[in-house]
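Note that chain A is present in both complexes that follow, paired respectively with chain B and with chain C.
What follows is the complex of A and B.
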């Protein structure tokens, strides 16, 4: 499972592109969008709200730290609430060319277990986000086209469509195409529409509260994914981001999980 | 002014009003809606409806559809490719919520200290070694083995959940188109409520289109061969047509829908409504032959004057008997009782008013002298000989009837009510073949859902679920029992080594359960888990898949679950489509008793009033009791079950059968009043009215025989049993009643 939480925000932008407009190609727009929100090493506290169609809500609080070591993006995600799952920790190695490595530590079991999974396109932690949403998409897998411009909450945006090149790619990602709304002024992505494998609108992602984290780097502090088919909504709210700490590699080891 | 004068005076009004009413009746006919869903007719207060609604609030109301593939080895490359393509195609259709086949199945296992989550089929095997490796992997995986692949690998399943709001016809069209798009050599069977409803709906339409024209043709021929004169054929024939239009029109007028048993309504009208008109046609020809000089209007008046009382009494008793269905618990049976009773009332009124009104306007028909002599032929000689036998050996005849009844009574030990509505379709139908496959090669075709509410993460609740699971698995016929506890145990097997204490064990702490569930929701599809636990972790579902041949087996399992529920404080909600079957069964069974009781009491009162004697009510009820008792007994011997359709037999046969008895009483009484002794009165009765009764009964039975061409086995059984029941009523009225009268000399006949 290519689970890489921070790439949710950058990955979504990579899906967008345009076949030349004012001299910019889709790839260039995507690349700039990615750069704008790529924070590199970071620590983040965030809350996930999962709401069903009847308004019931599950709340999960997590802490995540991430850093790239030798081309392997290593991520540590720890549940801080609710109390019954507190301390449950996931360690993910997002390998470039091979399957991801993943370990879980469950305090109730008091041991680390490696999880090997080839499942993709499935729900991320029971939310409306999928594991594929969390991964960096391979740009070569998609065809990009500019559908025009659109206004999003008073901001002029490019309306960019990306389509999987074949059914296998679509199936792996769990959608057939997306339409992204990217700010012409600063390359920030505000909205992505996801269409299911039969071509119907399935989910709408909206990114809110972009904040300037470091020089020329922005991050959305509230991201909402609404599934228009099953009426469920998942919301991720960033409570704190720290980009200054340089984590040592040894904390990203299965043996360190229990500590 | 008598009715006959009234008819002649207002004949034009009568004709015009009748025709206008019938023409108006045609308008709502176009708005008839067919609803083959038996469950939709159950009262909302039924436990299954209430419980399924409650369970649906937490776990959705989707219905299951199964596609079964049969071949020598479902793991062969072609079959697996076909299943994969069909699964892929169906899974992207928004009409299907969840699509589960071998290709959605996950292989969650423990391997060298790791928890491994893989698709069961990662690659379709193209050689024998890989195929056997896959077979081994499937055998070890209880998420797919005997769930979507049978034990012998001859059957594979695609399980679809479908939204109830989607039209059945549309759903089935999507499935059939997909199956055709990916053809193969495998036998395909389909099962599920949307399929059953779609098939039943089509067959209801087919039945009406086929049975009605055939029935009308048969009726036309019977009338023609009886009267050999167009007016005598057309008048009763129009009464039939008019009453069919009116009774069918009432269904949409009352805002009702046309159910499966609605097929019987027009055929019943066909069989019954012609009776009254036939009496008029016969009497008209008799009078025309005996008094050739009478004017047309005078002929009509005399026919009307002679027949008003007997025809009205016959009509009333039939209406009262059929109204017994109003006491039925099953809504379509009640609706049938009401529209049929009104339809028959209309036929009676049209016969009493419209027929003489038309006859008075027509030129006099030709004289049929050959119809005058009723003493020749097979039927008269048979009834004559019956009369001889009765007066010679009345006690012996009563004894024979008692013996026959005793024989039939033994059949009551084998009398059963249907455990489900599967017989709606023939045994050879894909739907029923699929049921047999589910029963023999998978966990069973029946399902109970048991919903528990509380803190689902509480190990005590899970331990309780585990207890239910283990106990219910021991019940014979139970195939699989699945609940959250089995999922937790499965996760424990993948996270612990077999030597660990936590292996195949529910964690002792709430945190342990919560962490297992969190892990499961991370590593799989949340839909997998949401089949068993709701979003808030406050409700959980235990499913019991089983097979059962009889309603007794189903009730026994239900009693077991209810018994366990009484022992703990969890108060689970029991539902599932098999509980609906149990409710339908109970409503059919109880409804049968209620409608039978009402029909008997009503007929008893009516007979007592007509003949001003309780004794008449008692003796007159004997043929009905005999026929009902013997029919049920013979159903036991023949292995015919009481179901939604056969439960209608008793009320209908009581309503029709009592006519024969009234005619017999009436004639014996008339003969006695004319100075004949009992012996001569009985012989004369059988010789005169006996022939009419036999012809009348035969035409009714022939009318019902048309139902034996129905596409529904239930209705074919009904046809056989109603004919049998009417035949018993007929024999009883012509043989047993005269024998009892000859033996007991009841006073009411001598008044």
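What follows is the complex of A and C.
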């Protein structure tokens, strides 16, 4: 499981060796799309609202801190609400070429525990987001193609499709393909459609309220994932982003998780 | 009643503090209220029925940290009405990037294996507190805890406990058959409250992507105590034996390990050598032994599976032999025989407590955990089988997160053992089902 929330906003926009309509390949488009929302070091407070088809709502509040050290993106996710999970903390080392390393601290157990970083297709915290959605995808696992252009709320976008190279990859990620809508003007991704293993549309991710956080860097402050099959909706709202703090490596250590 | 008023004052003070707290301080006050029912055993229709309110608060201002978990419960426990005010945790201290020091009532858990931790000797347990969550059985102890983190992934921990607190076994609830007719449980034999009787433990812990490991040293009274014969009343034809919970000192050297094998599994292991003195002279002191656990955790079809082997090797082990019945016409030898028999029975009982019934003891455990419906439902089941003593238990539990504030849990506990085994005795009390409703805030 590669929990990297920032990559959620790029969707799975990924590469292609095929040149696009304007001389750019899907790889180049997705790369630029990822770069434009890559804030590097950051601290983020956010809330996830989970709504089911009957209208009932659950709320999760989290704080996330992330920074890259020696090519390893280290992320700390701490639950701040509801109170029964308050203090539960995840530490993820997002390794480029190997499996991720993950630890969890649960206040009730009073110890840090190493956990298996599998089940990318599993729901993230009971939301419609999956662990795979929160991850940087392994680009080598997918075939990419430009499907053409489309209009999204008045903005001209590229339609980039990514497909898993085999069924194992699809099963691990929980989808067979995605189609991403990327703004031609600024490379911001506004929408990603996820198709299930049978090829049916399952979930739609929409990114709203992009704000200019630092020079040439943007971030979506509201992201909605709708499951069109079970009518559940999960909405992630960013409450605060701080990109100015240079976090020391020792806070990304398993033995620093316990409060 | 005094406890109740004290608790009300405490809550009022906490809420007032939250209202007036300076904005530079992180103050979190939360907790829960719950109703819990546990019953269905042979001895008790309802072994444990209680309502509980928990107030958990933490405050942090710069490096200053205060943590508390205070619980107030009232109900029936083994047919006895009781109202309890428990300071489960309450400690204050200093926390920085490299160094922490905390003083107060704390719970410290060591060890990387699951449920069976040979290196975890710090805190006592109330094994007879029945609820949906086994963590409720953990008891804090007043201690000084210091932690130093010289480098990322490395920490050194020191624990010093001035006064001993023992685990609660409540063996007085057992129906011990004929043995129970001449066996009484006396007051706990606590060590004198001097620093020389304190407990000291240190651990060096390493957490790296490739592996996690620790080595630890413990010197002090073991919370998992034994039983000693404190008196024998010979005035009646049948001698009445009074035994009491009696702790013993030990030195434990431990180590644990966790190694991830790709994305496939995590291999965990933990072991401790426990050194004791004079076990042959004192029946409540176990023989030196080495306890070890090896396990794997993996994912199978979305289910977390943890399988473990739990073993123990007892040094200087010798089988106990039943004293030979003497000449009935010799009163002196009859008394001597009775003394030997009492010693034999109590050593036998202690060996069950210490899990030293054979030179080598073998057991296995299996835990399955699975969540459903977007984590709204979660199921967990643990099974344990002691190959040596033929005792076993199974504990299923289903938790339902009805809303963010309301949770329910149902489950059960079924244990079984042969005649005169600990599980045999315990099953009559602890077997049963439980249900719990909890509101969190």
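We adopt the following convention: the second predicted complex is superposed on the first by the 248 of 259 C-alpha atoms of A that agree within 3 Å, B and C clash if a C-alpha of one lies under 4 Å from a C-alpha of the other, contacts with A are read in each partner's own complex, and residues count from 1 in each chain.
By our rule, a residue touches a chain if its C-beta (ideal position, glycine included) is under 8 Å from a C-beta of that chain, and two chains touch if they have at least 3 such contacts.
The model shown is predicted, which means the values in this text are computed figures rather than measured ones.
Engineer: Following the overlay on chain A, give me a clash-or-fit verdict for chain B and chain C.
Structural biologist: These partners clash in the superposed model.
Engineer: Check whether A:242 is in contact with chain B, with chain C, with both or with neither, and answer first, second, both or neither.
Structural biologist: neither
Engineer: Touching A:209 in the superposition: chain B (first), chain C (second), both, neither?
Structural biologist: A:209 sits against neither chain B nor chain C.
Engineer: Contact-wise, after the overlay, does A:35 reach chain B, chain C, both or neither (first, second, both, neither)?
Structural biologist: A:35 contacts neither chain B nor chain C.
Engineer: Let me test your reading of the model: by the given contact rule, A:123 touches which partner, first (chain B), second (chain C), both or neither?
Structural biologist: Touch partners of A:123: chain B and chain C.
Engineer: By the touch definition at the top of the document, which applies to A:166: first (chain B), second (chain C), both, or neither?
Structural biologist: In the superposition, A:166 touches no partner, neither chain B nor chain C.
Engineer: Going by the contact rule set out at the top, does A:200 touch chain B (first), chain C (second), both, or neither?
Structural biologist: The first partner, chain B, only.
Engineer: Could you look at A:153 and tell me whether it touches chain B, chain C, both or neither (first, second, both, neither)?
Structural biologist: Neither partner.
Engineer: Does the superposition put A:229 against chain B (first), chain C (second), both, or neither?
Structural biologist: first
Engineer: In the superposed arrangement, does A:110 touch chain B (first), chain C (second), both or neither?
Structural biologist: second
Engineer: Return the residues of chain A at which the contacts from chain B and from chain C coincide.
Structural biologist: 56, 58, 82-84, 108-109, 113-119, 122-123, 125-126
Engineer: List the residues on chain B that touch chain A in their complex, please.
Structural biologist: Contact set of chain B toward chain A: 88, 91-94, 106, 111, 113-119, 122, 457, 495-496, 502, 507, 509-516, 518-519, 521-526, 535-536.
Engineer: Over in the complex, which chain A residues touch chain B? Could you list them?
Structural biologist: Result: residues 52, 54, 56, 58, 79, 82-85, 88, 90, 104, 106-109, 113-119, 122-126, 171, 196-198, 200, 229 of chain A touch chain B.
Engineer: Okay, in this complex, where on chain C does chain A touch?
Structural biologist: It comes out as residues 28, 30-32, 56, 58, 97-98, 107-112, 133, 135, 147, 149, 151-155, 205, 207, 209, 212, 258, 260, 262-266, 297-299, 302, 304, 374-376, 403-405, 407, 440-441.
Engineer: Inside the complex, what are the residues of chain A that reach chain C?
Structural biologist: 50, 56, 58-59, 82-84, 86, 93, 95, 99, 101, 103, 108-119, 122-123, 125-127, 232, 248-256, 259
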